[in-house]
Amino acid sequence: MSKRHLLALYGNFEEAEAVVRELRSATIQGFDVNDDMIVKSPIEHPQVEAFLGDKPVYVQWFTLFGALMGGLFGFFLISGAQANFYMQMKGGKPIVPFPPNFVLTYEMFILGGVFITILGFLICAGLPAKRSPLYSAKVSVDNIAILVKAEEAAISVLKAIFTKHKALEIQEEAGK
Amino acid sequence: MIDSGSVKQLAGHPFDRRDFLKVLGWSGAAVALSGCGNTSIEDGKETVVSYVEANDYMVPGIGVYYNSTCAQCDAGCSINGRVREGRVLKLEGNPDSAINKGKLCGLGQAGVQHHYNPDRVREPLLRNGNKGETISWDKAYALIAEKLSGVKGEEIAFLSGGVSGHLKALLGNYLDSLGTKNHFVYEAVAPGVVRAANVKAYGVEMPRYRFDKAQVVLSFGADFLGSWVSPVHFSQQYAQFRKGVNGQRGVLVQVESKMTLTGANADRWLAVKPGTEGVLALGIINALGIATGEVAELVKGYDRARVSSETGVAPGQIDKIAALLKLRSPSLVLAGSAAEGYAHGSQNAAAIHLLNQVLGNVGKTVEAPVSVPFPQMAPAKGNTAALKTLNDGLAAGKYKVLFNFAANPVFTAPGAFKFKDNLAKAGFKVAFAHYLDETALQADLVLPLDSAMEDWGTQVPEYMTEGAQINIQQPLMERLHANTRGMGDIVLTLIKQRRADEYKAFEDYYAYLRGAMLQNKGALGGGGVDDDTFWNETLTQGIVKLAGSTGTLTAHAAAAGLTLPAPAASDEQYPLHLIPGVTASLRDGRHTNQPWLQESPDPLTTIVWDSWVEVHPKKATELGIVEGDIVEVTSKTGSVKAQVYLFPGIHPEAISIPVGRGHDAMGRYAKGYGVNPFQIMDAVFDAATGELAMHETRVNIKKTGQRVLVVKDEGSAGALQMGRKIAARVSTDQVDLSKEV
Amino acid sequence: MKDIREDIAWAKINVDVMKSLENPRKLYWVILFFALMAFGFGVGCEIYQYQTGMGVENVNNPQVWGLYIATFIFWIGMSHSGTLLSAILHLMHADWRKPIYRFAEAMTTFSLMTAGLFVMVHIGRLWQFYYSLPYPNDRGIWPNFQSPLLWDAMAIFTYLSSSVLFLFVGMIPDLAIARDTMAAGWRKKLYTLLALGWEGTDRQWRNFRVTYLTIACFLIPLAVSVHSIVASDFAMSQQPGWHVTSFPPYFVAGALYSGCAAIITLFIILRYVFRFEAYMTKPILKKIVRLTFAIAMVWTYLNAVEFASVWYSHDEVSKDVLIQKMTGTYAPFWWGMIFCGSVVPLVFAFKRFQTNIPVLFAVSLLLNLGMWLERWMIVAPTFSHGYYPWTWDHEQWPSLVAWGLVFASFGWFTLLFMIFCKVFPSVSMYEVKEMVYHRTLHLKKSETAEQGAH
Amino acid sequence: MYRFLRLPVLLVGFFMAASSYAASNSQPALTTEDALGPQVVQPIEFPHNRHAGLHDASDPTKGGMEINCQYCHTYARRSAVAGIPPLQKCIGCHQNIESVRNKSRIVELFKYWDAKKAVPWKKVHDLPDFVRFNHERHIKRFIEQQDRPVQEACGYCHGDVKEMTVARRQKPLAMGWCASCHEKDHPVVAEGGTPIAGQAYWYSFQKPAAAQDANTKARGPNDCWQCHK
Amino acid sequence: MSVSNLLENWSQVRHEHPVNDKPHDPYKWAMAIDLDACTGCNACSVACYAENNIPVVGKERFQHGQQMHWLRVERYWEEDSREFPDQGFQFLPMMCQQCEAAPCETVCPVAATNHTADGLNSQIYNRCIGSRYCSANCPFKVRYFNWYDYPTDEMVWPAEMTQQMNPDVSVRSKGVMEKCTFCVQRLSAAKVVAKGEGRIVREGEVQTACQQSCPTGAISFGNLVNPESRVHKQWAAQQVVLDADKQAKDEKEEGPGLRGYRILEELRAYPSVMYLERVRESAV
């Protein structure tokens, strides 16, 4: 079943919200509002998340993992290196001393945390991403875009809904 | 020919060591240059050090030690040179020597830098206008013969530093063959007056001093720890003296106007007005109150008040010293350069000797010396009176040929002598030299000498302990420069020009030396052994120890003829005494081009690489001078400019400039550093001996307005410890030394 | 006066900011030229120093650290205010930071890079620098993890890489804007690549928000740890004047202080050069100025505390060092530091100076001078007045080469910073939009409330 | 889900693998283990195999003569430096071996001898200048005290010289490589109770009593100053 | 295998080394310097130059404070504004104190300076990258940095002079820190001989260059844990304990009557050099 993309641009947020609400309430054959709709916005709108419903974010689990692994790795690398054959002995100090190793563990904790968080972000946000088939540069100015994909049958229904809410512009993927 | 070396662990094994002395593959020898040379594993880049033929003891990577004799000063310390891959690396003291017992001073250790000095003369040079032209040795010898022909004996002069041993004998014979008696033995800083005074008081020139037996040492300016007579030996005795017996530590009192190294180590350092040492000595005799007869008569006038006002020493201090001398016996009273350096130096010394005699020390801490049984080898002692005679002769144009060896009078003669100008009046000047020093630069012919590490020789020290000894000097390595020659070889060649028959048996100086030693084998303690064994043994030891003949010591210091002049009236134009400072490392300046010595901080001021004018802080405040000011020091003879160092260890009426620096020749490490105080020295002489009175020059100082940063080791805190316990000090009543290890 | 006008059109924001990538004022090129000259001079000095040896810095044996370490601390310190603006104020929801945090964050990154260079400039054997890196090697040995210098290296690496990532992540939406607006060419390609295909979808924004917040959370303790570790270089040693408990906070305060001063300087320059008057407004400047003033007072206080703690401790040696700072060789510099760091900021107390741009520019430069002197006064006096009096105060005055390298570091920093501002949007467009958006909303709400009240 | 398998995941995996490897393996594998050093051209092509190689009973002209390494390299047991035998040593034998007298390298050898010039051999195992390797200690330790075969003991560092003509470096001689042997457990006492490595160093975690025990093993010395000068 | 080593020897690697719980055996090199015997003559300093290939930096660099003397002889006179230093000066030979808990060791970023089994503070020139942190943290300021490339400097090491260099000691090029090593090359050589004979180094078998040259024998050097050694006896007689920051004898009220002390002992660096106070006669 091939699906086609449709992109509608809105000048302000209330209009877009209305569209989304309508798409939600309507049942359109060949269009699943959860899977097939993407809202693009020029800024981070807290409301967007509100009306799209709570979607979980997993980045923090990466953070936790990264920070712990960073810390552990740091500590064992350092202590292990200190305890190797050439114990580079410092007069009056144990060979594996805690205070300096904690400082480094701390740094490695942060380093691991930051790196893996970024990694998690890239994974969770799906970046680097393939560009979607329909995109308008106006999204990066001030428009809010709603990108839907639907089967041929649903296209016209969606178009109608977009037009009803005074879409500034509707882009359509060429048929296949 | 078998000549053998003296390897510590291989004593007595004759071998050919020529190959060993050879410098081997230096470029590849394993000096490690971290980060600079080879820093990673390399294959096939360097060549391995290898021999053609090797003896058993020649193992690469293991150093061999040869015994020889230090030639840096006349004390005659025996040295032990570490040799590896044919290069001498380091000089250490020979533990078998009674003089230095395995120890060596900084000056002695710098001997390797004399040997490796990059500014050594490498070829015979003949003057051509202002330049030296390289000539061959044959030509040089021929030239000397030519210049000597037809010259009368009295027209020839030979100037040298102190010489002894076989070289002295050979040299004597040569001068004899020339028919001249003009051998001038000159040392710029030598205890000439004290020697004469010693003869008067003790009957010998230099008795044996026993610091280790003394409980109190009262030294009038004798810097026996720094530069006086045999400092390494005295330092060792000093250590025993300090340790004392049963925790009774010896007490050192030093009397002088400018602090010396010895003064810096004294329990009590007394700054006397320059020239009043004799007065203080008589004052102490008076305070002791044990003198009788004419001595008592003599010192009667020297009561506390008078002595104190003349010398500047507090009356209480005189009493304390007298009390101490009475309480602790035996003591030792010494007259040194500070006392002898005046026109009345002999009188000063006589007064001091009188004190020693009054205290009954003669025979206890002053002992009879021992001398070698070969008078022709005994050291010819240098003095300054000889230079005066030579200078007068030169001024009169008496000399057609002048030889110079181991002396640098152009640098060290007092400015008032105008020695350089007078020297020009000599006809043909030959200098035997290691470096192109100031005197060699004036010569017509410069003959390059082997260093002490390349040359053969014998030496008899002036000051000997525990019997007599003849020191052996032998090569520690191959000649560094192919065209230098040993002094002995040169003299031998020259004497062959005159008395070919007598000396034709000796191929070289080494053969002469060996022959001469073997001739007297019996007297040298080698009776009953064959020649080779004796010779090898001798070279291995580096010293020939002899019973020697003990001189006789008399105690006839007397009051008769002892008159001390009234304190000198103050001089309006030249109010200050100039005291030339003789430092342990630079002495008269013949070793100034050894960088270790230049960079060794002066112990008292910590100044390096430069000269300075020591001014007492009180005087400096009076004159508005601060440290680093460049001042002009002017005497009747001339003036020099140098930086000021404020130094509390000097009498406010005196200033001091160290001698030894201020060369305008002698190579990269000496030329242009500091000033030469000899240049402004007046020609004043000790009345009795004719020796130069080194401390008599009067000067004034003027600020020039320039100021420099004094290059020294100490920081801005100077000599202060700022309340930290760094160099701690404790007085004898708070410590129990008897239990120490 | 408002921080920003609410009626500013979003499209205009895009246009204004994108213009900065294209045609700045002429002054930009003048600055770039001088920066390049200074940097070039420094390269010459470094080559000479590398060839000849560290002696050309004219430091000596007891006084082994000189200008390089002082300048190193200075640059590390400067980096901290970027984090203050971008991370701490982000968590505080202080939205006036939005137009200016981008360049502040860039300042962080580049001053860290400059600081890193000073490590290289300082060490005696630069060619063996790799010995200090912990990696398995054929020598079978590791660097010394006990050394505060190694912590330093680790902390700076963490901070630098985190800052770069933070800067980059925060810039992704703007890079997408640049990608969309820029005409075809290499820059468009660059932005396309760096924007990672950002389209502002809800999923992207959602993860973006959490990530940004998380890293901001990490950056704050990191920034504090970095400068307290730099403080440890001194505080962990046992030298008088260095072994001071209050050093870590003192360093952090000093760091924020110098950073804020630098932000004022750069604010004024960017505002003029890129015609950012509408975004980098005087009210925002006023807020930074007030923040700086507060930090200046904290710093002054900590300075006093150092004296107090030494005074109470009866540690004569440390006391000596402090007295020496005030009266000895370094007295002119120490008093200069007090003047620049504690007296000059009093200007900020006067309202009319708080937005007076020429005055602020001059003052901010003086503050930076003061903070640079502070670092020098931390490093040098201990050497010239340490435990061991014998080694006190040998003649030591930085050489031309040393000054040249310090001077060049400013050129290097300016060069990097100015190039960055020309290549990347130095004002965060999407965040300014957010700021405008939220302020409009707020305005509307209060209008509605007002109407309701009627 | 396919996105999760993309580059970032691979990166994480790689990072984890690399770090766990590095952490567990602080003594890295040597890249140059038993690799040959460069071929060094010597003034005379000295055939080590002919001198030290195994005797070939069937054809005495082919095999080696099984000469002990220390016969020629005599300094190694007496000094830190192995040195090179003096020319005298070569001649000592070769003047009596008429059969090879006309071989070009022997002719060359005698040319040096007649000129009394040392042969400029090139160093093959040339450690950095800041390293102090003591041949004497290693020979005492392994050959004299532990009674290992000479060629084996020398071969630890010099490789299988008896198979070579001109010697060529076979071992890396890098610091980590030296350490890889020093960290091995070596017996502390030889038969008869003579201490070999001197003493059990206090930092090598041996109890003093254990140093007398024949079963006690200890590391080689591991002070920096042991090998660096 | 470092991690396994870590886990295996966990309790041992947590011990403090080498003080307290890990006594030295069989060597602990130490010195005792009698300041009453020291005359300040500088022979030790020159011996050190000769033995250890120390560059002579020349006047200009000395002026900049870049001198390299590993062993410097300091002289003090605190005369409380008296006119003359009438009790003489006090000389103090100062070299690396080979601290047991050396402040320099902990701070080196590349571990170029470590503690050895013999209780020395090793300095590995080829590992040094020249951060100079060790010197910054040394309370005695006895570490010297190669500010220039002396081996290639014609004034410092002209070709003739390089022949004097000791092959057993690295010649340091620019950018590395150096300091007194207690003549470690001599110690190694002596240990090799002793090891070959299956014994420890005997008293008197090895001397440092400074000790060897000192005319008054003020410097004694040896193995502190060998009860036969002079150093051991001196330390014992003076009741100076190595790992103490305050000596019990100093706590006594009436004064110990002993003159052994260590410089800046209160910093807990535990120096291996004991000085004996200079004595001055109270009767004059």
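For reference, chains read A, B, C, D and E in written order, and residue numbers begin at 1 within each chain.
One rule holds for everything that comes next: a contact is a pair of C-beta atoms (placed from the backbone, for glycine too) under 8 Å apart; a residue touches a chain by one contact, two chains touch by 3 or more.
All figures in this text were calculated on a predicted structure; none of them were measured in a lab.
Engineer: Hop distance check: subunit A to subunit E, minimum number of steps through touching chains?
Structural biologist: When the steps are counted carefully, the minimum from subunit A to subunit E is 1.
Engineer: Using the touch definition from the top, list the chains contacting both subunit C and subunit D.
Structural biologist: A, B, E
Engineer: Identify the chains in contact with subunit C as well as subunit E, in label order.
Structural biologist: A, B, D
Engineer: Which chain would you call central, comparing Cα centres to the global Cα centre?
Structural biologist: E
Engineer: Would you mind checking which pair of chains has the most C-beta pairs in contact?
Structural biologist: Going pair by pair, the biggest contact count turns up for B-E.
Engineer: On a C-alpha centroid basis, what's the spacing between subunit B and subunit E, in Å?
Structural biologist: Distance between chain centres: 32 Å.
Engineer: How big is the gap, in whole Å, between where the Cα atoms of subunit A centre and where those of subunit B centre?
Structural biologist: Inter-chain centre distance comes to 89 Å.
Engineer: Measure off the straight-line distance from the CA centroid of subunit B to the CA centroid of subunit C, and report it in whole Å.
Structural biologist: Taking the average C-alpha coordinate of subunit B and of subunit C, the gap between them is 65 Å.
Engineer: So which bits of subunit A are touching at least two other chains?
Structural biologist: 76-77, 80-82, 84-90, 93, 122, 126 - these are the residues of subunit A that touch more than one other chain.
Engineer: Give me the residues of subunit C that touch two or more other chains.
Structural biologist: As it turns out, subunit C has residues touching two or more other chains at 62, 125, 128, 140-142, 144, 146-148, 150, 387-388, 390-391, 394-395.
Engineer: Give me the residues of subunit E that touch two or more other chains.
Structural biologist: 2-3, 9, 12, 17-18, 63, 67, 72, 74, 106, 111, 114, 116, 125-127, 149, 169-170, 174-176, 264
Engineer: Quick one: which chain pairs are touching?
Structural biologist: Chain-chain contacts present: A-C, A-D, A-E, B-C, B-D, B-E, C-D, C-E, D-E.
Engineer: Quick check: in the complex, which residue numbers of subunit C touch subunit A?
Structural biologist: 9-11, 14, 134, 140-142, 144-148, 150-151, 154-155, 157-158, 161-162, 165-166, 169, 172-173, 176-177, 179-181, 196-211, 214-215, 218-219, 221-222, 225, 229, 232, 430-431, 433-434, 437
Engineer: Could you please specify the touching residues of subunit A with respect to subunit C in the complex?
Structural biologist: 38-45, 48-49, 52, 55, 57, 59-60, 63, 77-78, 81-82, 84-86, 88, 90, 93, 97, 100-101, 103-104, 106-108, 110-111, 113-115, 117-118, 120-122, 124-132, 135, 137, 139-142, 145, 147
Engineer: Hey, which residues of subunit C end up touching subunit D in the complex?
Structural biologist: Touching subunit D: residues 135-142 of subunit C.
Engineer: Could you pull out which subunit E residues touch subunit D in their complex?
Structural biologist: 1-4, 9, 12, 17-18, 22-26, 114, 116-118, 120, 122, 124-127, 168-170, 181, 184-185, 188, 191-192, 194-196, 198, 200
Engineer: Under the definition above, what is the set of subunit B residues touching subunit E in their complex?
Structural biologist: 23, 26, 29-37, 39, 61, 84-85, 87-93, 100, 102-106, 109-110, 112-113, 116-118, 225-226, 231-232, 235-236, 238-239, 242-243, 249, 251, 253-254, 259, 261-271, 317, 320-321, 323-324, 327, 480, 584-585, 595-601, 603-604, 606, 608-610, 618, 648-649, 668, 673, 709, 711, 713-714, 719-721, 724-737, 739-741
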